[in-house]
Amino acid sequence: MVKELSLKADLLVQALPYIQKFNNKTIVIKYGGNAMTTDLLKDAVIRDIVLLSLVGINIVLVHGGGPEITDMLNRVQKESVFVDGLRYTDKETMDIVQMVLCGKVNKNLVSLINSVGGKAIGMSGMDGGMINAVKIRNGDKEYGYVGEIVSIEPKIVNDVIEKGYIPVVSSVAQGIDGSEVYNINADTVASELAVALGAIKLILLTDVKGVMLDPSDEDSLLSHISASDIADLIERKVINGGMLPKIECCLNALNGGVERTHIIDGRIEHSILIELLSDEGIGTMITI
Amino acid sequence: MVKELSLKADLLVQALPYIQKFNNKTIVIKYGGNAMTTDLLKDAVIRDIVLLSLVGINIVLVHGGGPEITDMLNRVQKESVFVDGLRYTDKETMDIVQMVLCGKVNKNLVSLINSVGGKAIGMSGMDGGMINAVKIRNGDKEYGYVGEIVSIEPKIVNDVIEKGYIPVVSSVAQGIDGSEVYNINADTVASELAVALGAIKLILLTDVKGVMLDPSDEDSLLSHISASDIADLIERKVINGGMLPKIECCLNALNGGVERTHIIDGRIEHSILIELLSDEGIGTMITI
Amino acid sequence: MVKELSLKADLLVQALPYIQKFNNKTIVIKYGGNAMTTDLLKDAVIRDIVLLSLVGINIVLVHGGGPEITDMLNRVQKESVFVDGLRYTDKETMDIVQMVLCGKVNKNLVSLINSVGGKAIGMSGMDGGMINAVKIRNGDKEYGYVGEIVSIEPKIVNDVIEKGYIPVVSSVAQGIDGSEVYNINADTVASELAVALGAIKLILLTDVKGVMLDPSDEDSLLSHISASDIADLIERKVINGGMLPKIECCLNALNGGVERTHIIDGRIEHSILIELLSDEGIGTMITI
Amino acid sequence: MVKELSLKADLLVQALPYIQKFNNKTIVIKYGGNAMTTDLLKDAVIRDIVLLSLVGINIVLVHGGGPEITDMLNRVQKESVFVDGLRYTDKETMDIVQMVLCGKVNKNLVSLINSVGGKAIGMSGMDGGMINAVKIRNGDKEYGYVGEIVSIEPKIVNDVIEKGYIPVVSSVAQGIDGSEVYNINADTVASELAVALGAIKLILLTDVKGVMLDPSDEDSLLSHISASDIADLIERKVINGGMLPKIECCLNALNGGVERTHIIDGRIEHSILIELLSDEGIGTMITI
Amino acid sequence: MVKELSLKADLLVQALPYIQKFNNKTIVIKYGGNAMTTDLLKDAVIRDIVLLSLVGINIVLVHGGGPEITDMLNRVQKESVFVDGLRYTDKETMDIVQMVLCGKVNKNLVSLINSVGGKAIGMSGMDGGMINAVKIRNGDKEYGYVGEIVSIEPKIVNDVIEKGYIPVVSSVAQGIDGSEVYNINADTVASELAVALGAIKLILLTDVKGVMLDPSDEDSLLSHISASDIADLIERKVINGGMLPKIECCLNALNGGVERTHIIDGRIEHSILIELLSDEGIGTMITI
Amino acid sequence: MVKELSLKADLLVQALPYIQKFNNKTIVIKYGGNAMTTDLLKDAVIRDIVLLSLVGINIVLVHGGGPEITDMLNRVQKESVFVDGLRYTDKETMDIVQMVLCGKVNKNLVSLINSVGGKAIGMSGMDGGMINAVKIRNGDKEYGYVGEIVSIEPKIVNDVIEKGYIPVVSSVAQGIDGSEVYNINADTVASELAVALGAIKLILLTDVKGVMLDPSDEDSLLSHISASDIADLIERKVINGGMLPKIECCLNALNGGVERTHIIDGRIEHSILIELLSDEGIGTMITI
């Protein structure tokens, strides 16, 4: 019994150098709807975050919520119009997006963090004028209330970190004229926020292993990609589909001064702790 | 021209003693869905709040959102079950309530405040573990996820006030076991928060003139009621219907140390400023 | 009645964007003896200053006191000697100047500010070693204890602003060797102090409308002069006499980084508020 | 040479325990006009004060200025009216009193402190609303603008001490209605201020040795009187004349919690340092 | 591999509620010479302490050093004189004790903490005047420079904790007259310091399992003793010998407001972490 | 009597400008074993330091302890091996060095400071990771645990100064890999610490008068040497022997930005005060 406890304690102590390395540093974690698959996994992610916060690491949690949005749109029987394969976000849809992200997903994450003893505060890109956006445009195509970030004012995030809270951020922004609200890609919000906050790490929690040479072979995972490899990997179609914008978010963060970016598998229990508190890490790390 | 400006300036200067009186004091304002009738009125309320905040008064804005909730329930074709005339809030309804209050009404108020140059931060009773509640019970009757407040932890509100933000609070609370969410009457949240924050004033913005001896005669408005008058006024049915719980919230605040409570008409433009920055005041003031 | 109050409140709200613009900024106001004509006007100026201070603008009030000095010199039957049209300030005269400015005008302004609920602290250029001066010289001419500023140490002004007081400054300086006291032109003190404090605005309150193309025609007021116009206006004698040194003080402030300088008419009630809290402004603004 | 310096250093070191005893404590010193006899003595007093301030003792200097006031009244040929032997202070006289105290004596002390490297800030009872007074009355007799203290707000004194300045206070107060100015006995101001500041010591610098059994015999000095001895000493006329009100000021301070009060001879060079930094002390100490 | 890491991470997360419980609380640990048996164990103790410090628990480490003292006395061929079985500490011995504790054991612990990334500061009871003692007396018997604590001034410990250091304290005190140095029992120092600091826990790291009913049977360990059991356990000789004074130190701490005290086995790796971060705990807990 | 006290006070006041000059500045004093000759002298040095600390000068005391080390080595009958005239410091010797410096000399100085009312905290180069060193090498010669400084982390010294303590520093450092301890020349520690702390003065207290042209003639003392004179003085053997490394330490400090360095005679009572608080100074000053 004591032997077992002693071994457990030894594992804790092994985390010491990692905890020291990240002490008082800021890490932005994007936690996507696709990685929120089971309550058990969600609970593990939340406990990881509260633990990291407690050992002195400033965690900023950015979330999306695709599945919940789709679910709600179905419930109000809102049919989607697609433009070039992208869902057109009309005013009514944007209202639903805002409600689901800021009112449901965000507050549920806050509640979960509270329930395991953390102190979270939920916020959107509107709060404190944090994220300012304009309508995205692509030639003469219109996607409605889908925005791109014009500027980030990270003061409110730093203010609540300083007061000891874990900020949980919805990927919704205000229009630069203050009257409209835009839906922003959550990976992009995480990436830009990491830059604005001077974070040392950006972690995108997804539902894949990482970048794989052969998607059918888990052993083909690339555990480390440097920025210079990326063009070649795209050409070879190793990076494609939904992975492409994620890699771009990582590159954007790296160019903005973030030291390391990671695409890790949220379906593996405690993948965040594994990434941060072991040498082996998990998933794919992208660095300059 | 100059003469006109000079007269305007004189009006500003007349506000001086009132501004001095409330400087650095906390005032809780409940802004209800029924008082949010037109965009023009909403804009006037918001500008009042930003102005008061700028002149050094700590405003805490608590909101409900009945009409928007009803609207959303209709859209998802959720039929309401009533228990003794009270809507039964099942889990599905509670989800809608949470989404509408925290995701729509709250963030829209935050956006409005930002758009006139204020710095707001929206929060619910879950954020920072602010409001803890249990299921309301009335004998063996069940109203579902309707809660009553067990405790308030005002630290998060004071923290964001200290950092210079205007807190905007949704009347949704977490269960004391951390796993459920409850809908709380917004007047009650405002009243209890006023006590917990040591506010000097509680203002309930409604869609009536105040307490009137004869509802059909506007001149019969009672501009001042003292707590000792209330039992008699209830017996004489002067205070009845929806006014009853509001008066109770005022009494609760007075008993908790709040100096003055007010029921004022949100349909009158700038009614908050009129109340705070003139001798005449507006609506009905209830004091010990 | 309520309608009237509502209109008044609307005027207050119109001041909102101006208050926001100057929030937490420093503005130096020179309030000269010639603009202190009636108690009513003095009261209006003082209320303007207290209001601005209360809404978060850091006001520094610099004053002279020519008429009171003349009055006191007459009472002690001190005859004035003139050198090239400038009054020679002998030791005895300097004593009177110091007493009148620091002991009478300064403390009366402090008292007035207190009486309307502000918190003022009076000081001279000697207090905290704020203003250091040497005897002014013009070839071999001597003007006695008339000084020019060698250096300004604004720490004491910032210290009292930080503690929430309105500094009221007499235009008297100490000699750089610490043993003598010099009379300094109050406009010059205001201008140099504005530079030393990093003020965004310098306002000279005078007894004229501003710079006028034709002094006999009030409609010929120049509401905006840019620095590059000044040489021409001097040559055309539009700027002449007592206006010349005032314009020089403005130029000096502009060169030192002050954004905008104003010469406004202290005889108009609330001219300071009109200048700061309206688009139209008042008097003549001089900018780079 | 070195031997001499070594002896000097030894004297410095002997002051160590006294400096430690008063470190970070507040001492109020009343420095009266009669003790400001020569420039040399004034210089010694000022250097004492700056030294004490530098070694971490919070000195508050209160001054009067009788001789300068008389001198100025003579210069403006103002004749004095006496009521029961007390000078009646009409409005004109009060103006002179204010100017001389706040504008001349106060600023000259500030200048002197600056000139030996201290940082002083001069203030009156009007600044920061420090001293509030009403007209003194004695039955139906009227003394004009002679006031008695109603309340002291010591915040401004503590604020400037905290910022590192030596406050120099003129004994002039504002009327409680804010519109009048009153002359207050400087000993009384020092005594009340010592109480309001929680000072541990009150020192009245005068032009006598202290309380003497036989005024013609310097060896008859009473170096220590306890409060219980006073009634007897008054009856025996040992304490009489101008000493009576001084003793009353000491008693008032002792009753207000000041530990020790002293009446010492300002004509002896460095009498303040001798009192504070030696066992022998100087003059008469009055304690409970 | 990932599975293994995931399990490890799960162990970390299990520590979460314990870490939260002790967050920002003070725990005093006595680490005795007898428990410093091997470098491996010492290393494990040190890593436990650094980890606890990093997760926001204020650890104060008190140490003795019996074996090292004995070793040094042998090296200088100092023979010990015994009084009633207690070693008499003459001046020469005290010098050695001070040197070994403050110069060797203390600094080696500081070095060890630094070497695993902690920030320690070593101090004795002399530093900052922390521990004041007098010579212990027992009738007319004399034990030399063995002291008992008269007073503890914990300010220096709180000061260095506030600055982020782990205080390491040698059990040597200054005489109350400032001229002598006394050796104090390290358990006593730990107990008194726990009281003075308002610690919630006192942990005595020893070389025994805890209190055992039968010393030859490890399964007879008493895992929890309440204060009321102790008299009986002493009478039954369950608590005897070297355990007696340790139990007294625990009782003293409990009486002084420390919530829980522990006697645990320093020979078990990570016994501190096991005690703090598991439900089972280790060794014997003594509570009120 | 009073006359005498008045003269004494005058001496105190003469120190005023010197105290002002060094107010809030840092001065590093090396106090060597050779200058600790008598208890009387030690007491004088300590009182000088406490007085300087009390008047707002930040004193950092660095000490060696050659004679005590030699004494202890003799007691343990450790024979010294010499390499090129330098004592070889084996592990056993290093242990003794550490114990004597950190455990005896350091704590005795701390005790002495406390006994005259100062607040000292003793520390070594290991505490807070302050001094990091490597083994000194000279070609293939080995001197054992004699180190040279690689880096200084002055944070711990500034932290304790900020909290109001006088840091007393032993010249022992940790190896850069954290596992070894090195003996460092105390003059070197003082010099490097002065640079790292941005001190304005370095004072080396020795047992000689200073640099003398003719060692047998005290009148040949050079009271001021500028850096450019040194090469010539070395060539002329005026600077030789033990003075050479001291002069090098001074040069190193000067090159690192320290304004003035001094070699003064610790055998003269109050030599530190004489140096700091008189124009004449004492010993030899070396400047750029």
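First chain written, first letter: the chains are A, B, C, D, E and F, and each begins at residue 1.
The rule we apply is simple: a contact is a pair of C-beta atoms (placed from the backbone, for glycine too) under 8 Å apart; a residue touches a chain by one contact, two chains touch by 3 or more.
Keep in mind that this is a model prediction, so the values were computed, not measured.
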{"item": "Both-way neighbours, i.e. chains that touch chain E and touch chain D", "value": "F"}
{"item": "Shortest path length from chain A to chain F (each step joins two touching chains)", "value": "2"}
{"item": "From chain C, the most remote chain by mean C-alpha position", "value": "E"}
{"item": "Chain copies touching (chain A, chain E) - same or different residues, decided at half shared", "value": "same"}
{"item": "Chain pair equivalent in interface to B-C, over half of contacts matched, among E-F, A-E or A-B", "value": "A-E"}
{"item": "Taking each chain's C-alpha mean as its centre, the one farthest from chain D", "value": "A"}
{"item": "Rotation in the CA alignment of chain B with chain C, degrees, nearest 5", "value": "180"}
{"item": "Inter-chain centre distance, chain D versus chain F - centres from mean C-alpha coordinates, in Å", "value": "45"}
{"item": "Length of the line joining the C-alpha centres of chain C and chain F, rounded to whole Å", "value": "55"}
{"item": "Centre distance in Å when chain A and chain D are each reduced to the mean of their C-alpha atoms", "value": "68"}
{"item": "Residues of chain D whose C-beta touches two or more other chains", "value": "none"}
{"item": "Arrangement of touching chains [line / ring / star / complete / other]", "value": "ring"}
{"item": "Traversal of the chain ring from chain C via chain D", "value": "C, D, F, E, A, B"}
{"item": "Chain B-touching residues of chain C, taken from the complex the two chains share", "value": "1-2, 5-6, 8-17, 19-20, 23, 44, 47-48, 50-51, 54-56, 116-117, 268-271, 273-274, 277-278, 280, 282"}
{"item": "Interfacial residue positions of chain D with respect to chain C in the complex", "value": "72, 75-76, 95, 98-104, 106-107, 110-111, 114-115, 119-124, 126-129, 156, 159-160, 163, 165, 172, 174, 178-179, 181"}
